[in-house]
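Two complexes, one shared chain (subunit A), two partners (subunit B, subunit C).
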Partner chain A sequence: MHELYKLASGIFVWIAILGFAAGMIGRLAHLALTARKKDPVVYQYFSLYYALRSMLHWIIPFASTGMRAHPVITIAAFVFHICLIVTPLFAAAHVILVMESWNVAWWHLPDPAADVMTVLVILGCLFFLIRRIAQEHVRYLSTAGDFVLIALVAAPFVTGFWTYHQWYGYETAGILHMLSGELMLLCLPFTRLFHMALWPFTRGYAGSEFGSLRHARDW
Partner chain B sequence: MNQNNQKDTANNKNGIYDVGIDKGASRLTPEKIRKVFDALVETEGGARLRAYTNACVHCGLCSDACHHFLSKDNDPRLSPAGKVKQTISRILNKKAKLDVDFVKQACETVFTECNLCRRCVIYCPFGIDVAYLMLFVRRGCHQLGVVPQYIQDTAHSHASTFNQMWVRDDEWIDTLQWQEEEARDEIPDLRIPIDKKGADIFYSLIGPEPKFRAQLIYQMAVIFHMAGADWTLPSAPGWDNSDMCMFTGDMEMTARLKKIHFEAAMDLKAKRIVMGECGHAFRSVYDVGNRTLGWKMPPLPMVHAIEFYAEIFREKRIEILEKFDRPVTLHDPCNIVRGRGLGDEARYVINETCSTFIELEPNREHNFCCGAGGGVINCGPPFKNKRVESNRVKADQLAAARDKGAEVLIAPCHNCHGGLEDVIHHYELGLELKFLGDIIYECMKKE
Partner chain C sequence: MQSRHKTAARLARLALIALLFTVATVFAQGDITTVEDSGFEKRTRPVVAFEHDAHNQKAEIYDCAVCHHVYENGEKREGQMSVGMECSECHLSENSGPMELTRAYHRMCKTCHLEKNAGPVQCAQCHSRQNAPAK
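Showing the complex of A and B:
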């Protein structure tokens, strides 16, 4: 147990962070090079102005027709994603851990806020899971990987919550938390979670093509 | 999930027989199919293919953007991502077996269940271009020789005559002269100038006009004449600006077609191209043509008829005697509204020519496709019922405008006319269909 704790809080952290960084950079660079070779139009039509115009309409809640057509999903998706990204970056425990190890620190969330946000992420995972099963057209699109992905994202939040509240077996939960957090980080560039990195490019390119070539709106 | 799998097979091919698909596919083996698709992915599948297929989170937010999905009671197989799942996803999965049945089904899906209208692109949070993915599969089908017969015949016509309708060179010139003669009964000094060097306008149109609707050439000649335009048409191939080859995946042929069209205009040293009221032809020249030939933008200025109409009204070069007085509504053709943002220009022209205008809901970029586009109508009679049934939402949308009083439906696109005519007829909507040119011609001062 202690061995595992040492691994999870030591070398695995590095593997996760480096794997994450290398994966992100590597895959995006590969994509950029492939585009140079096989899709030169992407560079020709890419326009920063129109890319940003499109991205703004899709990152401000309800600024696109599609979001207005699906209000419940829009709210769920925004709450889910904001909490998902903000909580781990600003959870007090994480900030303190980083400060202790590397002597850098930043603002952290008050514990009750982090707690609520963690619950929101978990509820978000449940929402997406239920939607995936209950809605026929989403179920049809689903692969086993989609379910694994939701579990992968939920795991660090469930175990982090568990550890924080020091419930039964929280020491084990703490180790599971670190392991699942590291696993998720490592999976980000290599699974569908990579959508996070692709979004600015697919959205930006759609915005550019629609804006500069087709003189039309894409939201 | 069992239920889904069942659906996968039960609905296969809808029992429709098409020689191009069935005969074409029967000559193939799974090894051959795999080889051709793998080679295609290797050579032409680049960053967009990867980014689109990897970014899709299977959220289904694109589903209700697609008229096929909506019209067929939310059939999950027909959502944009559903069509991706059945086709390109399997192709990219190296372990999946691609047998003859797969090719038949995939071919029917990409050719007749997607109009390449790009409505889903503006509903997907990632802006995933499903039309691009469907076209990618069509390209593979073309390379395998599995293409619906009717549209392939059109592509053959393009390949041998450079026009879509097997119009012979002498028939083309005869038609122009015949229309000139007819028009001269009405306006004695009217000309249809052929091969005039250095004209301001090179006018190009689509194959079906000389073949079936020559009076549209007459009408346009009157509009040009009254607007005092300096225009011409070429006697040699290059006059047809349409292109079915870009829809069958035959991009080599597309390049030849677009090249001869641009060259015809440049040989005549025309200052710009004005295209007739067709949406897909406009897409083929403006968006697809330049790309395929390796230019970022077309090599000379070019406008759709709507832009030309708007221009002559702004410059007061044409006079309306009395506005068209029956209430009209407008179908925004995907290829010039999502494809070129001409929604405002179309409304401006309607305002100048019609007294009552009723909007369709949704409209502009959000309008539903007519169901004919992307070569679907060109797949011919075998798929006609299916096509019309797959556009019930269009009928509902039109019926709502009719109930508000609309009597005439304006569609500034030939292809849309084909699709809308079938929808109007099948759902007994009782709307009359017109081009913008019809209305202008009817209401303008002609002497």
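Showing the complex of A and C:
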């Protein structure tokens, strides 16, 4: 267990962080270059104003007609994404581990808050899983990879919840928590989870085209 | 005559109280079972069980300065020890939060446990909910 802990808290952390950073930058750069070569129109019509206007309407809950038409998925998606990003960055145990290693610390969540937010992420995963199975038009578009991705995202939260509550086998859960978190980080740039970095560009593109070309709203 | 009796009784009472205090202090020192430091005003995780003597016997630590170290200008002072001092006396400066003290404890325990491949290293292994709960 000690050897596994050392790997999971040592070299694997570096592989995950560097792989994540290099993957994100590399894929964004590749897409930017490909677009310049194959689709230069993207650059010609790009407008920062229309791009930001579109992003703003899609980052505020219910600020688009699409979101107002589907309130349940809007609430689920916003709660899920906020908790998904905020919890790992501000969980007390994570901040303390960073502080231990690098003597850098930032604000952290109270444990009960992180606990509730973890449950919300797990419920969110269940919601998206059920949606993929139950809604016919979503099921039609789903592949096996989509289900694996839901499991990949849920894993660090399920194991974190398990080890935090110190249930049976919590030591194994603790190791699995670290490993699954690192795996998710590493997979972010190379799977559909890449929308984390891509969304401002897809939104920006749509916003620019609708704003400066079609003179219409895209929200 | 009566006042002399009173004085003797008072002295005996004082002696008894002093004796009780001494015995209590000695026993308390010799029987450390948890990690305590007045620097932790508010505990956010369950208290850490720590059988001082049993731990050191098992870990074969006979030099108090291994844990109760003294640092001056970033260098460890060999032959000096800080037994009887609280960790927070050095590891909790006025302008830093309790995280600094937490860091000192975690690094002291975990670094050694990882080096020796023995002892707890994960959060819950020390901060067990079976111990006293967080305050």
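Note that in this section the second predicted complex is superposed on the first by the 219 of 219 C-alpha atoms of A that agree within 3 Å, B and C clash if a C-alpha of one lies under 4 Å from a C-alpha of the other, contacts with A are read in each partner's own complex, and residues count from 1 in each chain.
We take it that a contact is a pair of C-beta atoms (placed from the backbone, for glycine too) under 8 Å apart; a residue touches a chain by one contact, two chains touch by 3 or more.
Keep in mind the model is a prediction, meaning the values are calculated, not measured.
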Following the superposition defined at the top, how do subunit B and subunit C come out on subunit A, clash or fit? fit
Which of subunit B and subunit C A:Ser54 touches, first, second, both or neither: first
Would you sort A:Val148 into first (subunit B), second (subunit C), both or neither based on which partner it touches? neither
From subunit A, separation angle of subunit B and subunit C (C-alpha centres, steps of 10 degrees): 170
Would you check which partner chain A:Gln166 touches, where first means subunit B only, second means subunit C only, and both and neither mean what they say? second
Applying the touch criterion given at the start, work out whether A:Asp111 contacts subunit B, subunit C, both or neither, answering first, second, both or neither. second
Does subunit C touch more residues of subunit A than subunit B does, or is it the other way round? B
After the superposition on A, what does A:Gly66 contact: first (subunit B), second (subunit C), both or neither? first
According to the stated criteria, A:Ile96 is in contact with first (subunit B), second (subunit C), both, or neither; which is it? second
Using the touch definition from the top, say if A:Leu18 reaches subunit B (first), subunit C (second), both or neither. neither
Which partner chains sit in contact with A:Ile130 here, subunit B, subunit C, both or neither? Use first/second/both/neither. neither
Check the superposed model and tell me the shortest C-alpha distance between subunit B and subunit C, rounded to whole Å. 36
Which residues of subunit A touch subunit B in their complex? 31-32, 34-35, 37-39, 41-42, 44-45, 54, 58, 64-66, 69-70, 73, 135-143, 146, 192, 194-195, 198-199, 201-203, 205-207, 210, 213-219
In their shared complex, subunit A is touched by residues of subunit B numbered 1, 4, 7, 44-48, 50-52, 54-61, 63-65, 69, 74, 76-77, 79, 81-82, 85, 121-129, 287, 291, 296, 337-341, 365-366
Of all residues in subunit A, those that touch subunit C in their complex: 2-3, 5-6, 92-93, 95-96, 99-100, 103, 105, 110-111, 163-164, 166, 170-171, 174-175
Subunit C residues within the subunit A interface of the complex: 44-45, 97, 99, 102-103, 106-107, 110, 113-114, 117-118, 121-125, 128-129
